[in-house]
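Following this message is one structure expressed as C-alpha cells.
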Amino acid sequence: MIRVLCLSGPNLQLLGTREPGIYGTETLEQIHERLRAEGAALGAEVECAQSNHEGVLCDRIGAAPGVYNGLLLNGAALTHTSLALYDALRAVALPCVEVHLSNPEAREPYRRASLIAPACVGKVSGFGGESYLLALRGLMGHLRKT
Amino acid sequence: MIRVLCLSGPNLQLLGTREPGIYGTETLEQIHERLRAEGAALGAEVECAQSNHEGVLCDRIGAAPGVYNGLLLNGAALTHTSLALYDALRAVALPCVEVHLSNPEAREPYRRASLIAPACVGKVSGFGGESYLLALRGLMGHLRKT
Amino acid sequence: MIRVLCLSGPNLQLLGTREPGIYGTETLEQIHERLRAEGAALGAEVECAQSNHEGVLCDRIGAAPGVYNGLLLNGAALTHTSLALYDALRAVALPCVEVHLSNPEAREPYRRASLIAPACVGKVSGFGGESYLLALRGLMGHLRKT
Amino acid sequence: MIRVLCLSGPNLQLLGTREPGIYGTETLEQIHERLRAEGAALGAEVECAQSNHEGVLCDRIGAAPGVYNGLLLNGAALTHTSLALYDALRAVALPCVEVHLSNPEAREPYRRASLIAPACVGKVSGFGGESYLLALRGLMGHLRKT
Amino acid sequence: MIRVLCLSGPNLQLLGTREPGIYGTETLEQIHERLRAEGAALGAEVECAQSNHEGVLCDRIGAAPGVYNGLLLNGAALTHTSLALYDALRAVALPCVEVHLSNPEAREPYRRASLIAPACVGKVSGFGGESYLLALRGLMGHLRKT
Amino acid sequence: MIRVLCLSGPNLQLLGTREPGIYGTETLEQIHERLRAEGAALGAEVECAQSNHEGVLCDRIGAAPGVYNGLLLNGAALTHTSLALYDALRAVALPCVEVHLSNPEAREPYRRASLIAPACVGKVSGFGGESYLLALRGLMGHLRKT
Amino acid sequence: MIRVLCLSGPNLQLLGTREPGIYGTETLEQIHERLRAEGAALGAEVECAQSNHEGVLCDRIGAAPGVYNGLLLNGAALTHTSLALYDALRAVALPCVEVHLSNPEAREPYRRASLIAPACVGKVSGFGGESYLLALRGLMGHLRKT
Amino acid sequence: MIRVLCLSGPNLQLLGTREPGIYGTETLEQIHERLRAEGAALGAEVECAQSNHEGVLCDRIGAAPGVYNGLLLNGAALTHTSLALYDALRAVALPCVEVHLSNPEAREPYRRASLIAPACVGKVSGFGGESYLLALRGLMGHLRKT
Amino acid sequence: MIRVLCLSGPNLQLLGTREPGIYGTETLEQIHERLRAEGAALGAEVECAQSNHEGVLCDRIGAAPGVYNGLLLNGAALTHTSLALYDALRAVALPCVEVHLSNPEAREPYRRASLIAPACVGKVSGFGGESYLLALRGLMGHLRKT
Amino acid sequence: MIRVLCLSGPNLQLLGTREPGIYGTETLEQIHERLRAEGAALGAEVECAQSNHEGVLCDRIGAAPGVYNGLLLNGAALTHTSLALYDALRAVALPCVEVHLSNPEAREPYRRASLIAPACVGKVSGFGGESYLLALRGLMGHLRKT
Amino acid sequence: MIRVLCLSGPNLQLLGTREPGIYGTETLEQIHERLRAEGAALGAEVECAQSNHEGVLCDRIGAAPGVYNGLLLNGAALTHTSLALYDALRAVALPCVEVHLSNPEAREPYRRASLIAPACVGKVSGFGGESYLLALRGLMGHLRKT
Amino acid sequence: MIRVLCLSGPNLQLLGTREPGIYGTETLEQIHERLRAEGAALGAEVECAQSNHEGVLCDRIGAAPGVYNGLLLNGAALTHTSLALYDALRAVALPCVEVHLSNPEAREPYRRASLIAPACVGKVSGFGGESYLLALRGLMGHLRKT
C-alpha cells in the first residue's frame, strides 16, 4: 500500500464557503474526501492536512520520510515566497507534485515564479479540485516507475 | 454596533519597552486601549491582537467574516514579504486599512513596496500610535458610506 | 492659531464634475470647504490651492516658511515623477502629510513609488475627500507633539 | 461641425527655424495652417496651440470637454516623462491621437516608452508634418464610427 | 463525441530515438497512440500532430474552431519565445491545456516563464509521456463542466 | 506606377470571422480590397499577403527590392519577438510603414516594445482597418518626397 | 557568566539523519552539545533551540534582552526571505552572529543575499558544525571588547 | 563681447536664506553678482535667471540663439527628470556647461544620472557657488577654441 | 570521410547582392563553394543550406545524426531569439561551431547574447566569409581530437 | 607542519595608522604577528602578505600549490570586482577562507556581492583583526578533516 | 605652500601622440607642465604621475597623507570599475577632485556611473586639458575654505 | 614581414601544469611555440607574453603601434571586468582578435558579456590551444585585406 501526504497552504481552509461564484462551492474537505476515494481506487492511502503556517508545513514534510511514499503540495501563496518549503522538499527527497486550483501564471506577475517547482517532479494546475486528483494519478505513476 | 478587528504583526509586542528614545514609551497595549476608547466614541467595538506568526494572522483574518465589519492591519515586516496576508484579505473581502507607525517609504528601499496595499481600501502611516486612531476613523467613514 | 497650506496637483481641478460615477460628485472646492471647517474646529486656519504646474507648487512650498506651520500635499501624478517637489519639501523643512484620494498602490505599477514620501512625516490614502481631513488631523497631532 | 484641439509640447516652437537640414524648413505655424485647411476639407474646425509648460497642456486638456470632440497631441519630450498628461487624457475621456514628427522608437532607448499611449486611441509617427494630417484623418474616422 | 487536437512543437519528433537514457525510449508516435486510446476510453477522438514550425502550429490552431472542442499543446522551446502561439490561442478561444514532458521550472532560468500559460486553462508537467494523458483527462473534465 | 507590398503576420487570417464583438466583422480580405482601391486612387498598385510563418514574411521582404517601392507591415505578435524581420527590413532598405489595428502600447507590457520599429519610417496604430489606409497614404507621401 | 542564545531555523532538525553523505552524520543535538561544552570552556552558558516557525524565532529573539548577552542565529532558508527576523534583531539590539553550515554564496543565486546580515555583527559560514563554535568564539570576543 | 545666459532651476531661489548651516549663507543673487563680475573680468556679459518652471527654462533656452553665445545650466532636480531640457539644449545647439553646487553623485542614487549631461560640453560640480565661476571659465575657454 | 552540414539562417540569402559596400560582393553561394573546396582539402564533405525558417533549420539539425559528423551554424537573427535551435543542437548532440560574418558583440545590445552558444563547442565571428572557413578548420580539429 | 598563506588586498596597508577611531589602532603587521602566533599554537606556519595589485595577488595564489596547504584571503575592494582572483582560486584548487574585518553586507549595496565567495570553503567577517584568527582556526579544522 | 598630487589612470600616457584629430595634439606631459605653472601662480606645488596600474594609483593615494594637501584624479577607465580607488580615497580622507578630459556621461552607458565620485568633493569634465586646470582652481578654493 | 603581438591575461601561466584533466597538458609556452611556428608558415613574426596585471597588458598594448601590425588577446577574467583594456585597444586602433580556450558563453552568466569584444575585429573561442592558431589565421586574412 502506497501512502501519500497531501498538504495545502494558507487560506485554502476558506475554500467553498467564500466567494463561491469564483472558486465554486466545493470545500477543501470535500476535495480531501474525493482524493481519499481516488487514492483507494488507485491503491493509495492519502492523508490530507491544511495549515496557514509555513512552519507547520515544514514540520509535516520533515516528518514524512519513512511514513509516506510521496507528497502532494498546494503551497498557495507560499509557493511564491517560501524558500523554507523548497528546502524541506529537497531535504526529505520524497517525490512531490505541485498542485494549484487555478493557473497562477495567468494571474498577477508575482505569481508567475514558483520557488518550490524546482524541488518537485511535476505540476498540475488550473483544474480546480480536479487538479488534486490528476496530481495524485501523476504521482502514483511516478512512484510505480521508480 | 460596528465590530472592528485590529491586527499587528511581528515585533510590535516590543513597542514602548524597547528603544523608547526612538519609538516613544507608549506600549502596544496602551495604543489598543486608546483605540478601544476611540472606537467606543465612534460607535465601534474594537478587538485587538498581535502575533509574530503569519499563520496566526491568516487564521484571524480567515475567521473574521460574519464576526467583524472591517479590519485594521499593521503587518510590520510581513507587509513587504507576505503574499499570504494579501491572499487572506482578498479571500475574506472585508474592508481593511493598512496602518504603519513610521513612514516605511522614508526608510530602506525594501520597505517601499507593500504587498498588502492592493487588498486594502486605504493606508495611514507615519503618525506613531495616532496612525491606528486615524485609520479607525477612516475605516468607520468607509463602512458608513458603503 | 496654527496655519496650514493644502496643495493639490495636476487634474484635481476636474474633481466632481468629471466621471462622477468613479470619483463621486464632490468637487475639490467642496473638499476645501470641509477642510477649512475641520481646521477651524481643530484650531487651524487652512489655505487651499490647486495647480497643474509643478513650478507653481514649488513656488508655493518655497514661500511657505514663516507663513505656514505645516503642509498637506496631494501631488497627484507629480507624486511619481517630480523630484523638484521632493527637493522643495526638503528645503523648507516644514512637516508635510502626503494625501491621496484613491490608493495608488492598488493601481498601475508606476503609481506604486512615491518620490515625495521620503520628505513627508506621514501619508493618508484611499478615503476619497476624507483623506484630506484625516491628514489634517494627523498633521495637527504631529504639530502639537513637536 | 466637429471641433478638434491640436496640442504640441516642449521645443516644437523651434520647428523650421532651427536645424532645417534635419527637420526641414516647415514651421509649426505652417503645419497648423495645413492642418486647419485639411480639417476644413474633412468637416472639422481645428484649433492649434503649443506650449513648453506641462501645466498649460494639462489646463488645455482639462478645459476641452464640451468644447472639443477630440484631441491631437504631440507631447514631444513630455511623451516619455509626464504622467500628468496621461492622467489629464484619462480624466477628460476624449478620443486623442498621439502624433510624432519622427519615429521615436528608432531613436534613443528612453524615447521607446510612451507614457501617454495607453490613454490614446491611436498613434501616427514618422511622417514629419504629414503625421499631424494623417492623425487628424484617423481621428475623424474614429469620431464618425463612435 | 468530443474532438481534441494535440499539438507538439520543435524537436519533439526526436523523442525516444535520441538520448533514451534521459528521455526514455518511448517515441512521440507511441505517446500519440496511448493518447488516442485514452481518448477513446474517455469518449474523445484525439488527433495528434508535431511541427518544428511556429507557423504550422498557428495554422492548425487557427483552423481548429468548429472542428475541435479543445487543445493540448506542448509548445516545447516555443513555450518561452512565441507570442504568436499565445495570440493564436487567445484568438480561437478554445480551452487549451499546456503540456510538458519534463518540469521546465526545474531547468534553466529562461525556461521558467511560459508565454502561453496565460492563454491556457491549466498545465500538466513533469510526468513524461503521462503528462499528455493527464492533460487530456483534465481537459475532458473541463469540457464537461462548461 | 508605384508598387507597394502589404504583409500581415500571425493570426490575422482570423480577422472578422472570430470575436467580431472586439475586432469588428471586417475580414482581412476586405481590408485588402479597400487597400487596393485606395492604392488605385492614390496611384499605387498594392499587393497583399498574410502568413503565420516568420520565414515566409522574410522570404517576401527579401524578394521585394526591384519589384516594390515600399512596404506596409503588420507584424502582429512577431512585432515583439522577431529580430529576423528587423534584419530583413534593414537588408532590403525599402521604406516600410509599421501598421497595427489596435494600439499595442495600451495592452500588455510585452507589447510595448516593437523590435521592427527602428527599421521603419513611421507607424500607424489603433484605427482598425483604417490603420492600413492611413499607413498607405503616409508611405505614398514619403515615397513622393524622396 | 555570559549567557548566549543559539537559534536555528527551518529544516535544521533534519541534520545528520538525512543525506549523511552530504551533510555528515552529526545531528543538530550533537552540535548543540559541542557548543555548550565550548561555551563552558569559554565562560558562557549556551542555550540552544530550533524551530521551523519564523514566529517562534521572533518570539525567542524578542524575549532575549535581559536574559541573554548575545545571539547566534542560523536562519537557514529564512536568512533570505524573513524581514521579520531582521526587524527582531534590530529591535532587541543584542549582538548577533550569523551562522551557516555551508557557504550560501557558493550555492543558488537566491541564497547570495542575506536579509539578516545587516543586523549582525559578523558571520561565519562554510565550516559545517564548526561554524557554530567559531561563531561563539567570535561572539565572546566581541562581548568582551564592548 | 561674448554673451552668456546662466539658468538655475527649481528651489535654488531658496539658497542662502534656508539651511545656511548646510548650503552656506550666500544667496543665489550673490552668486549671480560674483558671476557677472567674473564675466566682466573675462570679457563676457552674463545674464542670470532662476525659475521653478521647466517650461520657463525651455522658453529661455529656445530664445537664446542669436542673443547668447553659450549657456550655464544648473537644472537642480530637473537634471534628473526633464527630457524637455535635454531636447531644448539639443535643438538650440549652443555650448552649455552643466553646473551643480553639491556633488550629486555623492547623494541619493536617483541623483546619479543626469539626463541633460549628454547635451552639454562639460560639467562642474561640488564647489558651491564657485562651481558657477569655474563653469563660466570653462565655457569661455571652450568658446574661444571653437 | 568526415561529413559536415553548414546551415545559415534568415536573410543570408541576400548576401553579396545587397549593400555590397558593407557586406562585400561575395554571395553566400560563393562562400559555400569556398567552404566545399576547403572541406575537400581538409578531408571533409561539406553540405550547405540556407533558410529563413526556424522550422526548416530545426528539421535539418534533427535529421543530421547518422548522416553528418558535425555542424556549422550561422543562425543570423535567430541566434538571439531561437530557443528551438538551441534545443535542437542539444538534442542531436553533434559538435557545432557558431559562425558570424560580423562581430555581433560590437553591434546593438540585443545582439550581445547568443542563445545557441551554450550548445556549441566554439565560435568564430568577425572575419566575413572567412569565418566559415576558420570554423570548419576548428570543427575538423575538434572532430579529430574526440 | 601545515603551511598557510594569508593575503590581504588594496588599502589594508593603511590599517591602524588611519582613522583609528573607526578601525582601531591595530596595524596589519600586528594582526600578522598574532596570526603567526596563533598558527604556531595550532601547528601551522603562516606567511602573510599585502598588495594593492590584483596581479600580485594572482601571482601569489598561482604560485601557492606545492608550497602552501591553504589560503586566507581578505580581498578588500577586489572582493567585489575581481573575477581574476576568483579564477586564480579555482585554478589552484587550494582551500581558501574569505576574511573581512567589517561585515560588508551591512555596508553599501555594492559590497553585498562577493565574486570570490563561490571559490572559498567558508567566510569569517565582522570581528576586526579576530576575523583572521577565526578564519585560520576554521581553515585548520577543514584541512584536518580532508 | 599647498601641495597637490595629480594622478592619471590607464591609457592617458597615449594622449597627444595618438588620434590627434580627436584628442588634440597636447600630450599629458604638456598638461602637467601647464598644471604646474598654474599651481605656481595659485600658490601650490603640483606633482603629477600617470599609471596603467590600479595598484600603483592606490599606492600613491595611500602614501599621500602628510605629504599632500589634496588630490586631482583622472581615473580614466578605472573610474567606472575600481572600487579599490574609491576605498583608497575614503581611507586617506584627503580632498580629491575628479577630472575628465571628455564628458563621460555623453558617451557609452557604462561610462555614466563613476564609482569614485562619492569619495570626491567635486568634478570637472569635458574641457580637455583645461579640465585639469579648472579642477586645480576648484581644489585650491576648497582647501582655502576648510 | 607582418608582426603580431599575442597577449594572455590572468592565470593563464598555470595552463597545462594544473588540472590537466580539464585543460589538457599543453602549457601556454607550448601554445606560444606552435603559434610562432604557424606565424612563420603564414609570413608573420609572433611575439607572445602573459601577465596577471591589467596594467602590464595596457602598457604592452599602448606601446604596440609602430611595432606590431595586429594583436591577439586572450583577456581571460579581465575580458569581463576591464574597461581599461577596451580603452587601450580603442586608443591604439590596431586590429585585434579576441581569443578564448573555452567557450565563455557556455559557462557562468557573468562570463557571457565581453567588455573588449566591441574593440575587436573578431573572436575565436572554444578550440583550446587551437583557438590561438585560428585567430592568427583570421588576423592575417584581415591584415591582408586592409
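Chains: A, B, C, D, E, F, G, H, I, J, K and L, in written order; residue numbering restarts at 1 for each.
Everything below uses one rule, namely that a contact is a pair of C-beta atoms (placed from the backbone, for glycine too) under 8 Å apart; a residue touches a chain by one contact, two chains touch by 3 or more.
The structure presented is a predicted model; accordingly, all values stated were derived computationally and were not measured.
Colleague: Given the touch definition stated above, what is the smallest step count connecting chain I to chain L?
Modeller: Minimal hop count between chain I and chain L: 1.
Colleague: So the centre of each chain is just the mean of its C-alpha atoms; given that, what is the distance between chain E and chain L in Å?
Modeller: For chain E versus chain L, the centre distance works out to 48 Å.
Colleague: When the C-alpha atoms of chain B and chain G are each averaged to a single point, how far apart are the two points in Å?
Modeller: Spacing between the chain centres: roughly 31 Å.
Colleague: Centroid from C-alpha atoms only, then distance chain H to chain K, rounded to Å. What do you get?
Modeller: Chain H and chain K have C-alpha centres separated by 23 Å.
Colleague: Could you say which residues in chain E touch two or more other chains, in rising order?
Modeller: In chain E, 53-56, 81 touch at least two other chains.
Colleague: For this structure, give each pair of chains that are touching.
Modeller: Every touching chain pair, ordered by label, is A-B, A-E, A-G, B-C, B-G, C-D, C-H, D-F, D-H, E-F, E-I, F-I, G-J, H-K, I-L, J-K, J-L, K-L.
Colleague: What part of chain E is in contact with chain A in the complex they form?
Modeller: Against chain A, chain E makes touches at 97, 103, 105-106, 112-114, 117-127, 130-131, 134, 137-138, 141-142.
Colleague: Spell out the part of chain E that touches chain I in their complex, as residue ranges.
Modeller: For this pair, the touching residues of chain E are 9-11, 13-14, 18-19, 51-56, 76-78, 80-81, 110.
Colleague: If we count contacts the way the header does, which residues on chain E are in touch with chain F in the complex?
Modeller: Counting only chain E, the residues touching chain F are 53-56, 58-59, 62, 65, 81-84, 86-88, 91-93, 115.
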